[in-house]
Structures are given as C-alpha cells and as structure tokens.
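Common to both upcoming complexes is subunit A, partnered first by subunit B, then by subunit C.
Showing the complex of A and B:
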C-alpha cells in the first residue's frame, strides 16, 4: 500500500466538500450564531451553579471555564469531521453504496471517516480556542514547553477517543441499519463532558470513566492546564486512547464481514 | 411504530440529561440556595424528563427531508394539510414511548426510593393538558420553521439555532426558579418556561401559578397558530416542485 497517496486524496476530499458546503453560505452564518449561543448558554448554566457556591467538585468558576473551552473545541471537531462523515456511513449502508467505497483501492475506514468536512465547525473550534486563551490569562497559567506538549498529547488522545466512540456506533449500522438514535444517546452522554467529573456522585463518576470514558475526554486535559494532573492519569489516557483506536479499527474490519449490501 | 422498539428505547435513554443535572445539583448541595429540598428537586427533574419525552418535536427534520426529496407535492394535492400527517406520527410515537419512559422512571425510583409520590388525579390531568399544550407550542414553532423550507433549503439549521434557547431556558437543565433575577424578569414573557418548567412544576407538586401558566400556554398557541397559517399559505404559493 502506498501511503503517499493519502495526503493527495485528502486534499481532493477537502476541496470537493468545501466547495459543496460553501454553497450554503447563510447556513454557515446560522451555525456560527448557534455555536456562540450554545457557549453563552452553557456559561449561563455554569454561572447558575456557581451563583451561591464558591466551588463545585473542587473546581472554581474560572477553572470550570477551561472545561467549557476544551469541550467547545472538541465539539467543533466533532461537527467538522465526525458528524458529517459518520452520518454518511448510515446512508452508505442503507442505500448499498458502501459497495463502491469498498471497491476503491484505498482504505475504507480512511475514506468514510474523512470524506466530508463541515466548515462551520471551524468557527466553533476558534471560539473554543479564544475562550481557552482567555482562561489561560485569568488563571495565570504560564506556558512552557512541557506544559504545551502534555496538553497537546492529552487533547489528541481525547480526539482519538471521541473519534473511536463515534466510529464504533456508526459501524453498528451494518447490523441495525438505523442508528440515528444511538448517535443521539452518545450525544447526550457526551454532554456530561461540559462539567468537571468530580461534580458527579461516586457511582456516576465510575460509570463515566469505565463504561463511557467521557471523564478522559475533557477532565484530564483541563487538569493538565491547571497543573493538577498526575502522570499516571495522562499515561492512562494514552493507553485508553490507543485501545479505543485499535478496537474501533478491529471492529470495523469485523463488521465488514457481515456486510451484505442492500437487497442481497 | 412498534417495529422500531429499539430505536424508541434509545430515544427514551437519550433524554436522561435531566438526571445528570439532578446529580450535579444534589451532589454539590446547590439546591440549598434556592430553597428546594433534595426530594422536591429530584421529583422536578423526573417530571422534566417526562414532559420532555412527551413534548419532543422533530417535524422540521421530516418536512425538510420530504421537501428536498420532492415528496411534498403529492401531499399538497390531498385535501388535508400535510402537517396533520406529521402530527399523527408524533402522537403515535409518544404513545409507543410511554412504556419505556415508565421503565426509566421505575429505575429512577429504585435509586431514589424517598422521592416516590402520587400526584392527585386533578393535578395529573392538568399536567397532562399542559404537557400537551407544551407539545402544541413546540409543534407550531417547528412547523413555522419547517415552512421556511419553501424559501431556503436547509431549515433545520434554523431549528438547531432555536433549540439552544429552548435547551437552556426551558428548565430542562436547571429549574427556572434558580435563574438569576435579571433573567427571571423577562423570561416569563417568552414561551420557553412553559415548555418544560411549568408542566414539570405542576406535576411534581412544586410551587407554580397554575392558571397563569395555562393561560400563557394558550395565549402562545393563539399567537402562533395564525402565524403558521399565514406562512403556510405564503409558502405553498411560492412552492415549485423539484425540477419545475
């Protein structure tokens, strides 16, 4: 397999999907307003929680804002890449067009995970970074190289876990055909990622770190930002992310054995 | 509808955000500041879950798909407003969802046995009515947005925009009583608190103004219905089927 063709192919994907998405310019504007409002709304909710309390689960308001920032960035990434592509998988399987994807001389997982892009998610990512810089300022975090590497590693791991979760659910379409609702369930669980893990009760904390690793997705990167993180947690996140990536890959290859095209 | 049991079960599960919120509230003793006891708050969020289950609306997504696929044309010829079709679908799915919601409530009571309560019949009926009115308001708002499909192809992004204030202001994530005063001063004039907060307060036995809430719900329906009629007749005049 020639790996060098992948960047070239990806450039083509980017070009075609950007061209088609930019046809709907007002849509992008509406999505931007939606992203801003959604951020304002969750800060509003957070301020309700903090209006009579100094801290929640040991997190101060300024510290909890970091979680919001990271959540917004990750949500932007989900909206830019994961959501448009993985909902497409459902369509491919239902209409039997997955055949064409499988016939192409390119890795099928690469093709279906990166084919489309939704530019309005970029704005959300930028919004998240703006909030993050603001948080770095108000929390007086000094930026140094080791901190930057650690935060880069943890955020990349979060992205990998998030991707694997999405991909895992979309893969189950091969058996269940319609998985919109499973995606909705995932979305509602991910919503929990907006809040520090410590603010939940013990049993839910276990649930969110063992069964659905939402804890790893936002809380650990935020702890890195605050300098609260311990090494074993970061190592654990790297391990979890690797396991998730490998499992999702294996699961996709396994599921393909059961794919029997539409009406056959 | 019964063919899609698993999906509807998943739908019911996807509505459990209020329970996570409840966990944050009680686990950090946030409710002390708003004078609601743990038990009342847990009842509130359970009711919020129920009201949400039976007032959720997705007509804009169905209509957008049908309109992009050109399926609206045959519907328009029929002597019945196509929105009746969607309306019936929503009602049917709500009925199928009922047993799943009961199962979730059952589990909720296993974990929180102290919050079991039986509302009296009058309150139960009133809250059923107000949940239905909340459903009607949301159905009308979404139908108005759906009619925008006649002008723009992707009306669902407008719906996603409108969903944000609904999510944060309706009381699904935090009861409206807990909102800061500068929000409370105007929020009761908007339709949002009547979507979830009012029916949930009513059903859970929390303090609320019953006649005021119901009349506001009816008022909003009377305001929205003519608007829908207007935009529908304008839109159908504008409508050109795919490929014409």
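Showing the complex of A and C:
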C-alpha cells in the first residue's frame, strides 16, 4: 500500500468538500449561529444545575465547565468529520455508491471516514478551545509538558472511542440497511457527556463506563485538566481506545464480505 | 496469440432473499419472523474473455448480468467457483488490480454533485497516484476524445444527463484502465448522446486495446460495439459466441417486398416456387432463407421485370428478445 499519496488525497478531500460547502453560504451562516447558541444554551443549563448547589458529585461549576469545553471540542469534531462522513455510509450502502469507493486503490475506511468536512464545525472546535483556555485560567491550572502530553493523549483517545462507536454502528448498515435510529441514540448518549460522571447514580455510572463508554470520552480528559486523574484510568482509556479502533477496523473488513451492492 | 484476460470457471452466487406476504398481517409477520431463502442467482457459469475484446452481456432484467459484472470487478464475493481477472482474484481488491479496471454504471454517479467535474477528475488523479502534469495531460486527451470542454468547469448539478455521462466516463478512465466494466452506460441518454458514447468506446478500444464488458438493454449498443455476446438466462449462460451467428440462427429468413412492372409479372413470380407472404396487385412479399439469399436475389432480378425492391430485416430488438426468454441456444 502506497502511504505517501494519503496526505495528497486528504488535501484534495479538504479542498473539494470546502468548495462544495462554500456553494451554500446561508447554510454555513445558519450552522455558525447554531453552534454559538448551542454553547450559550449549554452553559446556561449547567449554571441552573449549580445555582442552588455549590457542587454536584464533588465538581464545582468552574470545574464542570471544563467538561463542557471538552464536550464542545468533541462535538465540533463530530460535526466537522464524523457527521458528514459516517452518516453518508448509510446512503452509500442504500444507493450502492459504495461500489465506487471499494473500487478505488485507496483504503475504503480512510475514504469514507474523511472525504467530507463541515467547515462550520471548526467554529465549535474553536469555541471549545476558547472555553477551555478560560477554564484553565479560572481554575488556575499550571500548564506544563506532562499536563499537555496527558491532555493530548486523553483527548485523542476520546476522539478514537467516539469515532469507533459511530463507525461500528454505521457499518451494521451492510446488514440492516437503515441505522439512523442507532446513530441518534448514540448522539443522545453523548449529551450525557456534558456532565461529570460522579453526578449520576452508581448504576448509570457503570452503564456509561462499561456499555457505552461516554465516561471515557469527557470525564477522564477533564480529570487530567484538574489534576484529579489517576494513572490506571488514563491507561484504561488508552486500552479502551485501542481496542475500539482495532475492533471497528476488523468489523468493517468483515462486514465488507457481506456487502451485496444495491441492485441496478 | 491473444491472451485470456478474464477467466471464469464454474462460478455461482447465492443471495439470501426475504419475502413478504401482502397486507398488514403479512407486514407484522414479516417484522417479527422474517422468511428468508437462499436464491442461486448465478448458476455454474464458465467463460473466458481475451484481451482487447468487447463482449456484451445480454439478458432480461434480473437475469444476473450485473451480478456477474460486479463479481468480475471484485465488489461481490462469489459463492462457488473461481474468477481470474488480469491474473488477480478480483474480490481481494489488490491495489494493482484496481488500477487496471474501472466500473461505469449508467444509473449511479461518482462525480461531486456541487462542483465542476474537473474537481472530481483531479481528486481521482490523486487517488490513482497521478501527478498534476500527467493528470492534466490525460484530462486534455480524454476531453478531446469525448468532445467536452466548457462542461468541465460547470457544476455537475447543472449539466445535462449526456454531459454528465461523458464526465463520468472521463472520471472513470483517468487512470487509463485495461478493463472496462460498463453497466448500462447509455441508460436515459438521447439518441445522439448514445451514438457519441458508442463512438468514443470504439475509439478507446481501438487506441488502447482495452477489454470491455458491457451490459445494455439498448440493442444498438450491443450491435455496434460487440462482436461477441454472452446471453444470460436465469443465472445461466444460454449462448456464448458471435453476435452475427446468433442473429442468423434467430432470424434465418429475410423478407423482400418486390414491386413488379405489372400484375402479370407478380403472378409469374408468385408461381415460381418462392415462399410468398402476401401479394397486393403488382407488389409481392416473399421470404428467402439467409443462406440462399444472394443467389435467389440474382434469379429474381434476371428473370422478372422488377421496378423496385425493399429488403426487410426483422427488428434486432425483436430477434434478441427471443434470447431473453429462451434457456439454451446451441449453435
């Protein structure tokens, strides 16, 4: 496999999808406004929860804001890459256009996961980082190399887990054809990620850690920011992310054997 | 000696198909307990295709033509048998194999809808590892062959179906594949666009010696492009051979309408031993077998006073239509 062409191809993906999106200026403007309003609404909701209590599950409002910042960054990544590409898998399979992808001399998972981008998601990522820097300031977090490395590792793992979960569900389309509902359920579970894991009951904490690992996605990176993290949790997140990535890859290759293409 | 580029041996394919009874009761039953059965859509077929050949796959809807094409290009795993295309097992989809083939489907498109086709061409060029200079050269050459120019810079959504199909062809051929799989490429195109596309494919085959496997319901595509046809009936091959042989077999006689100078001449002709279909005054229609056509025509012209004559060949669609409903043609 010639890996050298992949950066060039990705540059072309970026160029073509940006050009496609810029054809519809109003749509981008609406997406940008939605991203700002959504963040303002989420912070407002969080502030209501903390209005009467100084802390929830041991987390103060300023600390909980970090989770909101990480959630906003991840949601931005979701809207920039996962949503436009992974929802398209369902369409590719229903309409049989996956044929064109599979017949190209390029990794099919790379192609269908990264072909499109939604530029308005970038604003959400930027807003998330702005909020994160604000939180670093108000929580007086000391920025050093080990802190930056750990935050990078944990956020990268969160992205991998989120991507794998979504990709796994989309892949099942090869058998079930319509899986929109499953993706919507996953998205609604992700909303849970805006709140500290400790704020849920014990059974829900187990559910969101073991069955749908939302806890790994936002809570562990936030704990790194607050200096509350323990090594075994970070290691566990790395292991979970690796297992999820490998499994989703294997599952895709396995599922392709059952692809029957749409009838003409 | 020309080598086989496609070699298919005892190929079969089965699909699990679910069926549903009509009405609400059937729908509920189908939701809770799905009845599925294995359906063999391709049944033990074998054939070879030589390098540079243009082969037409003929068959009714659902006969299995597209399934064969998709197995040849590696999209569908065969259930039984073996396929070798250009020395590769297609379903492994090795990079070098994929660089050698292309699939064009008349009813599906790969061009980016909101952008001009040129953007899709350069994207494909990067996927096929072509540098910008080489890509530009190939785009220029192919666009000249396809007679498209300004259309390359207009968003795909604003192009006509014919212009879009030409662009689809260019996008699919930018890597100069040796084997082309075409699934109803002229579907929905007007007569001129169909003719242009056929002309292009002939030229491409001549210039590059590419092998072309084609399915089409437009008989003109088959007759003007393919010397050889493979007829598929309910998943099995009912005929594999030269198209003209098949046509001769299926329509062994020609009809000739002869306008005689007088009614007496027509009566004389009627009684001369030819098979007469009908006679109206001085016009007579006779049937002549293909193998004695030239000699019979000579006899008529030499012995009768003829004003005019018209040779009626049965419409090709009608003739081929017979293939689509018959299981076996032993020629």
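General remarks:
Everything below uses one rule, namely that the second predicted complex is superposed on the first by the 263 of 264 C-alpha atoms of A that agree within 3 Å, B and C clash if a C-alpha of one lies under 4 Å from a C-alpha of the other, contacts with A are read in each partner's own complex, and residues count from 1 in each chain.
The definition used in the following text is that a residue touches a chain if its C-beta (ideal position, glycine included) is under 8 Å from a C-beta of that chain, and two chains touch if they have at least 3 such contacts.
All values reported here derive from a predicted model rather than from experimental measurement.
In this overlay on subunit A, subunit B fits alongside subunit C without clashing. With both structures placed on the common chain, the touch criterion links A:185 to subunit B but leaves subunit C unconnected.
Of the two partner chains, neither subunit B nor subunit C is touched by A:144. In the superposed pair of complexes, A:27 makes contact with subunit B only, with no contact to subunit C.
With both structures placed on the common chain, the touch criterion links A:49 to subunit B but leaves subunit C unconnected.
By the touch criterion defined above, A:13 reaches subunit C but does not reach subunit B.
On the chain A superposition, the C-alpha centres give an angle at subunit A of 90° between subunit B and subunit C, rounded to a multiple of 10. After superposing the two complexes on chain A, the closest approach between C-alpha atoms of subunit B and subunit C comes to 6 Å.
Under the contact criterion defined above, the residues of subunit A that touch both subunit B in one complex and subunit C in the other are 24. On the side of subunit C, the complex with subunit A involves touching residues 15, 66, 70, 73-77, 93, 95-96, 98-99, 101-103, 105, 107-110, 112-115, 119-120, 122-124, 126-129, 155, 183-184. Interface residues of subunit B facing subunit A in the complex, by the touch rule stated above, are 4, 6-8, 10-11, 13-17, 20, 23-24, 26-30, 32-33, 152-154, 157-158, 160-161, 164-165, 167-168, 173-174, 178-180, 183. The residues of subunit A lying in touch with subunit C in their complex are 1-2, 5, 8-9, 11-13, 15-16, 19-20, 23-24, 95-97, 99-100, 102-106, 257, 259-261, 263-264. Remark: subunit A residues 24, 26-27, 30-31, 33-34, 37-38, 41-42, 44-45, 47-49, 51-53, 56-57, 176, 178, 180-182, 184-185, 187-188, 191-192, 195, 199-201, 204 touch subunit B in the complex.
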